[in-house]
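Structure first, then comments.
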Amino acid sequence: MALQSLDIKARSATTTPSPSVRETMEVAKLIDISKCIGCKACQVACMEWNDLRDEVGNNVGVYDNPADLTAKSWTVMRYAEVEVEQNKLEWLIRKDGCMHCADPGCLKACPSPGAIVQYSNGIVDFHQENCIGCGYCITGCPFNVPRISKQDSKAYKCTLCSDRIAVGLEPACVKTCPTGAIVFGAKGDMIHHAEGRVTDLKSRGYTNAGLYDPQGVGGTHVMYVLQHADQPSLYSGLPKDPSISAMVGLWKGVAKPLLSLGIGLTVLAGFFHYIKAGPNEVEEETEK
Amino acid sequence: MASLAPTFGRGAMTNHWVDIKNADLILIMGGNAAEAHPCGFKWVTEAKAHRNAKLIVVDPRFTRSAAVSDYYAPIRAGTDIAFLGGVINYLLSNDKIHHEYVKNYTDFSFLVKDEFKFENGIFSGYDAEKRKYDKATWGYQMGKDGFVVTDPTLKNPRCVYQMMKAHYGRYTPDVVSNICGTPKDDFLKVCEMIAETSKSDKTMTIMYALGWTQHSQGSQMIRTGAMVQLLLGNIGVAGGGMNALRGHSNIQGLTDLGLLSNLLPGYMTLPGDAEQDYKTYIEKRAFKPLRPGQMSYWQNYGKFFVSNMKAWFGDAATAKNNWSYDWLPKLDKGYDLLQVFENMNQGKVNGYLCQGFNPLASAPCKIKVSGSLSKLKYLVIIDPLATETSEFWQNHGEYNDVDPSKIQTEVFRLPSTCFAEEDGSLVSSSRVLQWHWKATEPPGEAKGDPEIMAGIFLKLKEMYKKDGGAFPDPILNLTWKHRQPESPSAEELAKEFSGKALKDVTDPKDKSKVLVKGGEQLNGFAELRDDGSTSCGCWIFSGSWSEKGNLMARRDNSDPFGIGQTLNWAFAWPANRRVLYNRASCDLSGKPYDSKRKLIGWDAAAGKWTGSDIPDIKADSAPVEGINPFIMNPEGVARFFAVDKMAEGPFPEHYEPMESPLANNPMHPDNPKARANPAARVFKGDWETFGNAEKFPYVGTTYRLTEHFHYWTKHVKLNAIMQPEQFVEIGEELAKEKGIKAGDHVRVKSMRGFIIAVAVVTKRLRSLNVTGKKVHTIGIPIHWGFMGVAKNGYITNTLTPFVGDANTQTPEFKAFLVDIEKV
Amino acid sequence: MSNETNLVQRYNVKERTNHWVVAITFIMLVLSGLALFHPSCLFFYSLFGGGTWARILHPFIGVIMFLSFLGLAVKFWDHNHITDTDREWRKHLGDILANKAKNLPEIGKYNIGQKYLFWSLVAIIPMLMLSGFIIWQPYFAPVFAIGLVRFASLIHALAAFIGIVAIIVHVYAAYWTRGSISAMTRGTVTKAWAKHHHPAWYKEVNKGAK
Amino acid sequence: MQVTRRQFFKVCAGGLGSSSLAMLGFSPNDALAEVRTFKLERANETRNTCPYCSVGCGILMYSLGDKAKNAKSSIIHIEGDPDHPVNRGTLCPKGAGLLDFVHSPNRLKFPEVREAGSKEWKRISWDDAFTRIAKLMKADRDKNFEAKNKDGATVNRWVTTGFLAASASSNESGYLTHKVVRSLGMLAFDNQARV
């Protein structure tokens, strides 16, 4: 296996640029919620391909199973029954999972070098052998996606099947999707495809149909076509305008250099104080 | 399939999966394709994406199909005939029918016998005692020339058109809404959308499945849908059709191969007790054309039958012994699943073999099935998985509370292979025979079904050879020309059912021309002969393995016409035709109604039918010869009037489910005989097991979830993770009334037992206003049991009634009465 | 015994041990914490056997520090009330820093800087403990709302920063103020030191000794 | 290049410093970013049809071992066949989970019998199973075979033993089953099409 089968754009806890001269095609997965039948084939294909088996859980009164993302369920369907227009029931079913942000909060927060890597094709991938299990990625993620495994205390999430993409295949969920609600390709092509879908939806009466490619995180490499793009929260709480939390931004942004600088300056201040003023010595006479 | 054959001539999905993409409108009713057939449903989304097609879903539940539909209309379970009858009325009264089509390709102009009557919900000839009809009056007026009398002006009140108009004129939108609970506006909107497709360049396809078949009047529901499609001219055309979505991967194939009580391969039928004479047996089935110049392809019945008997009994089947006609068992009645369990319950059955079938879970009224199995002397289970049936005698606590010491049945459990461990072919719903290849050895000592059948059969044969016994002839003479007799190979068996020439087969027009040499594989059923010179185990599959090789294994997916026919992908019966009755896609002159979706057309220069599909008609018969598209029907046309082919009447009529929330049939409120299907068979003692609306006020309906397949995938970890635990669905209104919250445990009970499951409370099930009364529906998914890796649960069929459709005896799983309470 | 020598006892063994437990754990926390905070400090991970060990140990060390700091806090609480004398003393800070201070007010065991340190640690260490508890993987973090975890992460970093700066000042002051370190190593300071830096305390000690 | 003594010491010190820093963990990690190895690279591919519903999706089964004599093949992955005109590579949740059907812990491995009144299964050999089943069938058939009905008409039927055929077994199995069943004169014969 080549050292860099996919070329790197960013790497966690690394202050210098990663080898990033080569630019591969930016890819994206587009999830068209208006075509999704919530069959969970993507969930099964994901688990099967990635050799994961989550717990056989319980029914908690809804169709969602497993009930939430876990270290072994990297994608789940979230079902929402809504009536946007009165007496017109809509069953909005959203495939939840990593959005592969262009500006990934997880990577920004990660304190372990190389545990999170962003490839130049847009995939944000976790490398568990470098993961220290601190959970900062969870803190950093605007979509609440990564999960720490109870088994090995490492963080896991969708890899966008980087192993398949590296050899020129589409992700497992994309391949399996019976209705073609999930499509995959160059990001530009996906945006173009989405435009066609939005036009179709508008012609069917969904006047607010649109593409979900939130710019607050620099755009994502997993995008949605929404019937109601004006109200993403209808889709089981999809954030309307997600961005890396201001607190995380402070913590891993401004605070990082400033506080480091502050500490350094304090040390230096002491040093120069000593150079200038010398030691505070008790004079001999008082010693007596 | 006992509803499509009486209408069109063949009992199979008329079009195919990929063809759905050619539709302008898709009606999903009596099915839930998105959940039950997701990969086939893909072609609905393709039609929407590329043809701007619309999808309508009519269902008691807002299903995952409804989630992606353009229009959803609710309906009370079991009232589809009323709904579709209303659609027929709408189409006829608004003149939204394909005139040219119905006039030429249906029985619109045929005159019906004067004695035929329909009064107060009952057709002429009813015997209330036996719950059966004498169908003598259900026929056409016959002319002296031996053909049916017709009235091309359609004015005669006894012509099918006029009779239909009168019959369905009663199903007004108000009546429909009153019975079905569908709001009138919703119903009319659906009618409008459907009516659009009466134009010759617009097509609608109907996709249905068990949501229609599993009713006591299921076959007639399907027929009503078929009639709607005929009125619109949507049969035989690309993007049209009645798409019967079969449940299991090879139900189509096993039905084609006749694995049913009364069938022989290729939809030939076993003789009854009265048919002692071979010639009459054949003549009765080799239908003479009812209109001049029609093909009536069943005229070749003799060829199919003789070739079949040659395949089975080889040299022992001779002209002298009527091709071993007497070796076939004769029927005194049908022995369908329900009848067999009834017999078993009466102690009339000693042994039972279940090959890959789990009746304890699949058959209605678990308590009766369990009791019946306990009366067997021996039970043989052949299955890759540990099924509930194989452990019916074992105590599994609340889920199967029996005392093993009281059950004297000897049970054998034989491990069989699964798909990955065998070669062979399966017939998809599209009638495509597809070959598959073995990848690995089975676990442990498991053996393939053919090996197991051979193991049992060869032992029996050895015993009969050595010790003699009752009528050993057919056993000793059954052909068994396998290189490894104990392990017949898929290749040998496929070649046997595809058929071969035993002697040279010559062209009937030119005897010197040899079509196929003795010993060679046949090219198709046209080469079958009734003189014993051909052998073919299933005539409709003939040609699937010819001298060209295994056509079922072909993998060329090219689609040169772009409408999805892929003629070189595997092999479709009959004769590799992909859309049945495709002659009906052209007008009388042979010109396609819609040139953009051309299936076939008459090519005068070439003197044959050409196009994207294989013509479902004699390829060189010019349109002027007047052969009509429905070649399996002696009429040559499709039937609105089903003559004597249906148990409960030539025209579908709405009857209530056997267990209904209504006290009477709103169509015939004062005739209790016409409340439920008058011809549905109910066994003595089962009447007492039916509940009433006072004690069981809610409509129960069972169904499948997309995450599971029947009772198999509870053994599959991945699927168990996706839907781990048994649940039932109730509407928010009912939940509130009953104080049930999502996630609570509830007990659902019917007259026959109860189940306990988690409650899913949803907006997707709403109460309906039926005859001024509020009707709630409780949804009950079926997939759980007491074996498997998913959480154990109750067998859903604990609740269901032991009654079936009057024609097919398919149990009524979709509409029955239950009550619910919080545990 | 101080009478015998020119030394004054400032801290007993218990206090010294307690202080050094806090100090050592604090340093360990700083090293592992800085590694988790900024890539330029990644090499500190190796001191703990790698990043994962640093992540595992950090919160446990934190608990030890918190508990031992509690002891310290209780013990030193009474000496750290800020008085008017302290405020007076503070006015001379410029001179003090320039080593030019004369005629300073007579302060007690601790000067106002030390008291500020004390109170800031009293504020910050529980804050670190609490916020650390909220972000402690894998045991506790999953039960808290993600917004709270984010807030706690930020608070933890800011509090740690204040703590680190405070301790740097503390360490430097100890080094700079010659004669101070022995107070925590041997427990004693010279009488001259005590008289010079903490005259009120010196008087008190002498009184007590008599 | 001239190296003064002073410079030499500098370099030495620098080298020493950086190597000790490397020991402290300053060294760059070995692998920068390596994706998981593609697990099917040399796996054996076999084409099959999904055994569940009647859409008849094409599937690709990948198995361990290259079919060499000494390798015991086992299926490691199943996905949709992109060449198949109907499913075009897609699979529903059932099809996508087929791997766990093949490897279900509830697959039967050996012939077993549960004797009358017993509480447990007992493993038996195939030959024992076939012999005992054939004996039971023959005894019942010989006793209850109806050659003629009450009216003396030839009917040649055996209705006291029934057979339920599978719905997912191949045409070849089904065809052979039908042949055997009818040769015995059975009428109580049905398949899953009914339910």
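Note that the chains are named A, B, C and D in the order they appear, and that numbering of residues resets to 1 at the start of each chain.
As a working rule, contacts are C-beta pairs under 8 Å (C-beta built on N, C-alpha and C of every residue); 3 or more make two chains touch, one makes a residue touch a chain.
Treat the numbers as computed from the prediction; the structure is a model and nothing was measured.
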Using C-alpha atoms only, the most centrally placed chain is D
Would you mind checking which pair of chains has the most C-beta pairs in contact? B-D
Separation of the C-alpha centres, chain B versus chain D, in whole Å, is 28
Roughly how far is chain A from chain D, centre to centre by C-alpha average, rounded to an integer in Å? 35
Counting only Cα atoms for the centres, state how far chain A is from chain C in Å. 40
Between chain A and chain B, the Cα-mean centres are separated in Å by 48
Residues of chain C that touch two or more other chains: which are they? 42
Provide the list of chain D residues touching at least two other chains, using ranges where the numbers run on. 80, 87, 90-93, 95-97, 99-100
By the touch rule stated above, which residues of chain B touch at least two different other chains? 38-39, 42, 706-707, 717-719, 722, 789
State the interface residues of chain A toward chain D in the complex, per the touch definition above. 1-6, 8, 11, 18-19, 39-41, 43-45, 48-49, 113-114, 117, 119, 125, 127, 130, 159, 162-164, 166-167, 172, 175-178, 180
What part of chain D is in contact with chain B in the complex they form? 44, 46-58, 61, 63, 72-75, 80, 83-88, 90-102, 104-119, 121, 126, 129-138, 140-142, 144-145, 147, 149, 151, 153-195
Provide the residue numbers of chain B that touch chain A in the complex, in ascending order. 34-35, 38-39, 41-42, 44-46, 48-49, 52, 62, 64-68, 70, 72, 706-707, 717-727, 741-744, 758-764, 789-791
Residues of chain A touching chain B in their complex? 34-41, 43-44, 47-48, 53-63, 65-66, 73, 81, 83, 89-91, 93, 178-181, 200, 203-204
Which residues of chain D touch chain A in the complex? 29, 31-39, 41, 77-80, 82, 87, 89-93, 95-97, 99-100
